[in-house]
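The next part holds the structures, each set out as structure tokens.
Shared chain: chain A. Partners: chain B in the first complex, chain C in the second.
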Partner chain A sequence: MRTLLLLFCCFFSIALHAQAEADKLLGLWEPSNGKARVKVEKIGAKYFGKIVWLREPNDPQTNQPKVDKNNPDESLRNTPLKGYRILKDFVYSGKGEWTDGVIYDPENGSTYSCVIKMKDDNTLDIRGYIGVKALGRTDVWKRMQVTGK
Partner chain B sequence: MKRGILSLIWAAAWLPAPALSAQTPDTLPPAASDEDYSQYEQVQFADDGARSYCYPKILDLAPQRFVSIGWDAQALYRMQSSALGEYQGDDDPAVAEESDVRYTGGLRLTANVPVVSRNSVVWQVGANYWDVRYDLNPVFALSESAGLHARLADRGLRTLGLNTTVFKPLDAKQFLYVQAGADLNGDYTFSDFQPLRYLRYSAAVVWGKRPSDYKQWGIGLSRTYRVGELNYLPVLLFNWTSPNRKWGVETLLPARAHVRRTFSPRSLMLAGFELEGQSYRIEALSDGDNSFEIRRSELRIRLEYQRQIAGFFWVSAQTGLRNDWRFHGDELEGGRDFFRGFFGDQPYAMLNNLGNALYLNIGVHLVSP
Partner chain C sequence: MDDKGKVLTLLLAAVLSLVCIVVGLLLLFFSCGSTQTEVLTVTGIELSAEGPLFSGSNTAQGICRAEMDAWLKTMGKTSADVREVRLTRAQMYVPDTTNFDGLASVTLMFASDNIDMQTMGALNPIPAGQHRIDIPVAHSQQQIKWFVVQPAFSVVLDADLKADSDASLGLKADLEFSLLMHQ
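The block that comes next holds the complex of A and B.
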């Protein structure tokens, strides 16, 4: 009975540790171009990232808040970019990697396969690719801390 | 043959599309907007090691191509050649051989694969294969003619090249761009391959600035065969997109310059020119270790339409005037190239004159993120 309890504690501890590792992705991140900030959230068992800040929040053409005007789906072209989920469906696959997700580029309306790798607690390698990982580009995102209003 | 190539290009556009599509169904709609986003305005980096680098491109540039399959064809023109001899470029020797060229063209394959693609450096390696076939109708050939036309009709010209490019951002605004390439050009076939000592090397270094997402410029120096023969030329890079993102300029002089009209993120038109050139060894006219090389350079004044067809596959159709810049022949002693520049007086071994021709170029491309 004592052995069983010990085993249960071990498994529980490992599961908690894995969960804590996976949740390291949560938080606020800034892509290398500094044009946006993305907040990563967990919904169910998957991770999503939405735009929460834009360096240029208004469209210079309309002077209205930017919308997803390049989306290939016409019905989404009036969706505000602020709040838009550009990282979708990521699952933690261990060793600091989140896979099976996609990243959306509002600049051109393209969606790419994507893998996220955590280099350290405050740095992500975000690789968007086409079909195979070799045909892609890696962007480095840095973790941001909210300092308050 | 031409119909077969066209079918191949069309089929290639569709066959791999499902496997390469990155689209997946959205599991959630866009996020609700009841959050107070103002809290994300006052932030700081969680560590102090963050460094910004400038991005290689600006907004709305014509997409960079990973893989391209294309076909190029020129319409009817007349080709005139002198006998072998010693000529200055502005001489007007007697025509020893004259032909009506009914078809000039062939397959063009290019590939560029990123080896490293990060914020701090982008390194790509590429390869290209161009095949140029000639179908010509001889008008006359004097006994002293070198037989170049028959050789072109029999073997055509080929280019097989490797190149590498490195984009190195120096900081958030400045960058360095380095390119180097080696090309094997000639009338060889794969069963009668050309020795690698006839490789021709080109290179370019550009330093530039990217002050905004709408503009980048740079200056540099190149060792190039764009003018047909070896030359060292300054390079000017200038890319610009208008604030309304409908118009733009894409310039890398002396190689090319275009005005761009963007219809949507998925279609655009380019109008401008490109200078194409290489030095092609003609085996049959090369004496011993010497290399007889055709210094081919042509200015293509053109209009090009590009559009997305599916996922990351784009098609392009290009048409315009192919202007003969140079098609003269040089005898290179021991196969070693030399620098004539614009003012050198080394004689040509053959002077050729090509009429200008309309041309068409179509292609299917897998484009980069």
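The block that comes next holds the complex of A and C.
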């Protein structure tokens, strides 16, 4: 009985540790170009990131808040870019890596397969690719410290 | 083989190809069979985002239990009879004492642990003084059947708040699905 309890405690603590590792992705991140900030949150067991800040929130042509004008689905081109989910469906696969997700580039309306690798607690390698992981581009994102509001 | 023979062979090949295509199309047509469309409505899905909320994008979430299996059973059907599902209407509403004036825009998504998230529609801007809003649904919809056949999936609403609020955000959703079914 004592062995069973010990085993249960071991499994429980391992599961808790894995969960804490996975949740390190949560928070506010800034891509290398500094044009936006992306908040990563969890829905169910997966991780999603949405734009919460834009360096240039308004479209210079219309002087209105930017919308997703390049979306391949015409019916969604009026969706505001601020609040747009550009990282979708990431699953923690261990060793500081989140996989199975996609990244959306609002500048050209394209969606790419994506892998996120945490280099350290405050740095992410975001690799977007089409088809083969080797043929892609990596961007470095930095964690932003959230100041209380 | 002389020139005449070559032309004849080519002609024969072309005719055979044409026959194959026609037979293929006929087989496809008859295998599809006739279809019918049914409407499934899920009402009163509660969505909430816990306050305090800050201006900008906030996420309200709820669970949709379409109970499609039970609904199909009443018609003597199963989910295997469902060929395609589309969201045809998404309506959000708040209690009559309040309205959507605190929100600039909303984006509706479906999410599940087993299926990729899908953006189902967006309303931007929200007209003033509304207790009830219809979110125009996306033209491009994929895999909706797989959301609806599950016992439950998440309904996610990204709401752009105009100002900070100490209160939580609570609203309800009615969703209407169109089901294309084998007869």
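Brief remarks on what is shown
By our rule, the second predicted complex is superposed on the first by the 147 of 149 C-alpha atoms of A that agree within 3 Å, B and C clash if a C-alpha of one lies under 4 Å from a C-alpha of the other, contacts with A are read in each partner's own complex, and residues count from 1 in each chain.
Definition applied: a contact is a pair of C-beta atoms (placed from the backbone, for glycine too) under 8 Å apart; a residue touches a chain by one contact, two chains touch by 3 or more.
Computed from a predicted model, the values in this text were never measured in an experiment.
In the superposition on chain A, A:Asn58 contacts neither chain B nor chain C.
With both complexes superposed, B is the one of chain B and chain C in contact with more chain A residues. Judged by the touch definition given at the top, the superposed model places A:Val146 against chain B, while chain C stays out of reach. In the superposed model, A:Ala45 lies in contact with chain C only, and not with chain B.
In the superposition on chain A, contact of A:Gly109 is made with chain B only, not with chain C.
Looking at the shared chain after the overlay, A:Gln19 reaches neither chain B nor chain C. With both structures placed on the common chain, the touch criterion links A:Glu74 to chain C but leaves chain B unconnected. Contact with both chain B and chain C is seen for A:Lys88 once the two complexes are overlaid on the shared chain. Residues 43, 46, 48, 50, 52-53, 72, 76, 79-80, 82-85, 88-89, 102, 149 of chain A lie in contact with chain B in one complex and with chain C in the other. By the touch criterion given at the top, residues 28, 30, 32-35, 37, 39, 43, 46, 48, 50, 52-53, 60-61, 68, 70, 72, 76, 79-80, 82-85, 88-89, 102, 105, 107-113, 121-123, 125, 128-131, 134-140, 142-149 of chain A touch chain B in their complex. Those residues of chain C that touch chain A in the complex are listed here as 54, 56-57, 59, 61, 104-105, 107, 109, 111-113, 116-117, 119, 121-122, 124, 136-140, 154, 156, 158, 160, 164. The touching residues of chain A, counted against chain C in their complex, run 41, 43-46, 48, 50-53, 67, 72-76, 78-80, 82-85, 88-89, 102, 149. By the touch rule above, chain B contacts chain A in their complex via residues 16, 19-20, 22-24, 26-28, 30-33, 35, 37-47, 49-50, 52-53, 55, 59, 66, 113-114, 117-120, 122, 213, 243-244, 264-266, 311-312, 366, 368-369.
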